[in-house]
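Below you'll find a set of structures to go through.
Same chain, two partners: subunit A is paired with subunit B first, then with subunit C.
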Partner chain A sequence: MDRGWRLFLRTIVARAYPRVVGQQRQRTWIFFETFLPFVAVSAYVFVYRALNAPADYIGFVVMGGAMTAFWLNIIWSMSAQMYWEKDNGNLALYIMAPNSLMAILLGMAIGGMFATSLRAAVILILGTWVFQVPFVVSSPAQLFAVFLLTMTALYGMGMLFASLFLLFGRDVWQMNTMLQEPVYFLSGFYFPVKSFGFAVALAASIVPMTLGMDAMRQLTFSSGPSIGFLRVRVEIAVLAVLSIVFITAAKYWLDRMERLAIQEGTLTDRRR
Partner chain B sequence: MLRAFQRTFFPAAWLGWQVESNWTDPLIFFVFSALKPIASVMILVFMFNAVSRSGTDPALYAYIYLGNALYIYVGAIMAGTSYSILDDRERYRALKYLYIAPISIPVYLLGRAMARFMTGTLAVGITIAAGIVFFKVPIHPMRANWPMFFAALALGVLCLAAMGIILGSITLTLRSEPWFLGESVASALYLFSGAIFPITLLPATLQPIGFLMPMTYWLELMRRALLGSGSASFPTLAAYSNASLFGILAALTLGFGLLAFILHRLFDRIARDKGMIDAQSNF
Partner chain C sequence: MKPEFAIHTEHLGRIYKVRGNRREKRQLKERVALRDVNLQVPRGEFFGLLGPNGAGKTSLIKILVTLLAPTTGRALVAGHDVAKYPQSVRPLINMVSGGESSGYGLLTVRENLWLFAQFYGMDYRTTRTRIDELLEIVGLKDRANTKTSDLSTGLRQKMNIVRGFLTDPHVIFLDEPTLGLDVGASRDVRQFIRNWAAAKPERTVLLTTHYMAEADELCDRVAIINAGKVLDCDSPANLKRRLQREAIFHLEVSPLNGVVHGFEHLPGVRKFVHTPGDGKSELELILESDDAIGGVINTLTTHRARILNLQKREPTLEDVFVDLVGMSLAEAEKNG
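And then the complex of A and B:
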């Protein structure tokens, strides 16, 4: 039997597999998870058009619409995943199995990130093509670094939430709903976060998407630097710190939840 | 018949209210009810403020704000009815018991829609009140046409409930991704009904879809009732009198009501044949 790192890596691959392969078998996502966000994006684009906004603002909306795919994946398929597993009766099996829960969450994150990237790419390409978005990429290397760090911090946050959400009962639905529009608003999915002023924008930066999108806007639009909240280098550094903090916190809480499950024997009870 | 209606409708509305509200204490429920709609409307307020120096029309601000606030009803009643089928079938696994109880399922769905209407009213009320107090939306409660407002609201809610029963009935027969149906239709209506922008901005080929949607006329009536003469600056339906708008909305409501009756019978039979009443998709 595999042990140690070998088991850890195989668990990651095993948990990522259904997220990647599942979407090949169930292709309805192409309609539901690309067309629907695109419709929402279109509505916001028409609002900016009604307001005679500069063309870059249409681009902000398209980019924000693509990034919603990641945030929805975080709250519904990462944060609430352990709760779904509890509801289906699988969580007890996860805890009994000899593999690490951290590896399971990492597998979920990597598989989810890959699958969601495809969705986000489709929304971005479709939006760019339909609304003729004028992208001007100033530094591809920095853009890649920002995206990678945003994803790492974001999925680290998702892993932390996954363990914390085990404490919820049926209110998990309401919690997820509460994390949707308010985060779209506070993270500035459809407008520059600088509009909030320094203090609110700083507080909103606890969600990695806030600084990630602000940096990406600065790096991909000609008007980007003028509407940026912080300098891109500073935002990259903060995102790196957030990545470490969230992944460490996820590990701590996951271990704690696992201990609770073993001691109390009630954590996996679906009636809770 | 009336007693049979009462036996189903009121317990369903009560059950729906409990499901929506008793997961927490009243204070948190109130915060939850306010947070989502306020955040949703704040996105539009900040979008407006971000570009408001580019020569924008302040009347458009009221148009956008009110459209977004009132659209909460569409998500709550229409999409919510579809979700209530999923809640009962998949989450609480109670739909099979409802089917063998001596009740009418469409009336049960109407009752659940009523509960969603109540929670939706809370959210709409908070959003509009916040608009008047904090966001300078030009609504003057003393000058609003309240009889017209409540008449349009009642007709619109009836129409949304009929659409909800149609979606709920279709949801009964879906095995994969059933929770997306209500959301899809609500999203499509958000775009095509001119909820947050005049539908004349849509490409000419898509505009007829907007004119077929009851929500287009409903939102116009609600805006006219609340904004009074201020709503005249929106040209899309300016040529229509209030009576014409009521006439069109009433005809569409009747049409959707009939369609709900026919489609419920059809999809109900399909669901029974396919064994979908107690199906588990593990969504």
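And then the complex of A and C:
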């Protein structure tokens, strides 16, 4: 039987599996996770058109619509996931097995990322085609790096949320509802975050979506560079730092949770 | 060198801190779940933990499978201290609990089993062969590609059983594995566990149950546990043999009103259990000798109770429990 990093990889793949394969089996996702967001995107598009906003703004909205899929996945699925796993007894089995809990969390994140990428891609393609978005990619390499780092930082944040959730339970649940709309707004899903002014934009940058989308906008639209908040290279650096911070914090809280669970005997208990 | 004992506990204790009721919310109360548990289970033994609800069975298992820290004492599984070296213990063990709802409903039986095998680092070929083998044995082969959410309770528990045995553990912990199963499914599960243990002499099983017959049928040795204490530990035959000198009677009489309280004072009556039933009362009596039954019958007749049935029978584990705890398992559960 495998040990060490091979077991770590096996665990990641196994835990990603129910996300990647299982979730597609519920056919309703096509409606709820692609059609509904697309309707929201359309609403913004019509508003911008009515106001005669520049064509690129339509593109911002389509891109933002695709990226909301990831944010929804983080707050509704990632963060509550460990909590559910505790409820149905999976968490106890994860702790009891020789694998590492961090690999479970990573598997969850990577699986969620894949499943959500599928949804985001559908929204993006549909939006681009229906609204004729004029994408102009200036640096594919940088774009790829930005997307990857945004995902890493974002899912690192999701992993941190998952650990915290488990530790503090339902009290944190309220936070979800609280976070959904304000983050849509502050992260500039549908408009450039620069319009907030420096201080607010900087504060909003704690959510990896903010700088991630800002950088992606700069790299994919002809008017992009003029509406950018910071230089792309700086944004890439900040995203890298955020990734490290979130994943390290997730590991810290996860370890703490495991220790506490074993000491107190509460977290693996289905009754409580 | 392989350790002699699969499970070894020394003065093992566990105290939970629980929040008090509304008035004393902030105060933490202590609830003792286990006290001074000393058990030695040799490799290859089928060991049973028998006790009523709240006896501490699950707590003990959780400590042994590294999910709960002991408050006092220590526990070794397969020679490793569970609190200090959980990583050494974990690859060697597995656990199945009754009424378990683990896994993912959207995945099939086979996928779920594969998933949990991965966490033990099992390669694809071994996993596949073992899943096929085990599903065949428990009669779940034709459901291998059914979504788990579509399984009945019994089939689901069979899947959980397969999950536990899939990793071929040195020591398997079974926490009331037949809970909620019908007679047929329970029998299948017991049969499977027994055959599994018998197939290789070094396989160790620790099973908790509150079905006396299950413990009697399966276990090489049984520990009787109540309120966190191990009261006795021996083979079912030896435990029952201790009652061999006593006489055990089963009586059915017309409804008893109040008479019952007099029984403990009758000469020669060691323990008795009264179960009021539908239109009749049942009495289980552990007497020091056959002679004492005369006094019992006298008392019954003076109180005009009609005797419907009287039987002398061989001691069961249930009687052992009554003798040790002073009440039947059912009563202990009500009080627990």
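The rule is short, and it goes like this: the second predicted complex is superposed on the first by the 257 of 272 C-alpha atoms of A that agree within 3 Å, B and C clash if a C-alpha of one lies under 4 Å from a C-alpha of the other, contacts with A are read in each partner's own complex, and residues count from 1 in each chain.
By our rule, a residue touches a chain if its C-beta (ideal position, glycine included) is under 8 Å from a C-beta of that chain, and two chains touch if they have at least 3 such contacts.
Just so it is clear, the model here is predicted, and its values are computed rather than measured.
The superposed arrangement places subunit B and subunit C next to each other on subunit A without a clash. Once the two complexes are laid over each other on the shared chain, residue contacts for A:Tyr190 go to subunit B alone; subunit C is not touched.
When the shared chain is aligned, no partner comes close enough to touch A:Val20: not subunit B, not subunit C. In the superposition on chain A, A:Leu72 contacts neither subunit B nor subunit C. Touch criterion met: A:Tyr94 reaches subunit C, while subunit B stays clear of it. By the document's definition of touching, of the two partners only subunit B reaches A:Tyr48; subunit C does not. Angle at the C-alpha centre of subunit A formed with the centres of subunit B and subunit C, after superposition on chain A: 90°, rounded to the nearest 10. Of the two partner chains placed by the overlay, only subunit C lies in contact with A:Ile262; subunit B stays clear of it. Closest approach of subunit B to subunit C, taken over C-alpha atoms in the A-based superposition, is 8 Å. Residues 26, 88 of subunit A are contacted both by subunit B in one complex and by subunit C in the other.
In the complex of the two chains, the subunit A residues touching subunit C come out as 1-3, 6-7, 10-11, 13-15, 17-18, 21-23, 25-26, 88-90, 92-99, 261-265, 268. Those residues of subunit A whose C-beta lies close enough to touch subunit B in the complex are 26, 28-29, 32, 35-36, 39-40, 42-44, 46-54, 57, 88, 169-171, 174, 177-178, 180-182, 184-186, 188-192, 195-196.
Interface residues of subunit C, counted against subunit A in their complex, comprise 14, 16-17, 59, 62, 65-69, 87, 90-91, 93-95, 97, 100-104, 106-107, 111, 114-116, 118-123, 147. For subunit B in complex with subunit A, the residues that touch the partner chain are 23-24, 32, 35-37, 39-40, 42-44, 46-52, 54-56, 60, 64, 176-177, 180, 183-184, 187-188, 190-191, 195-198, 201-202, 282.
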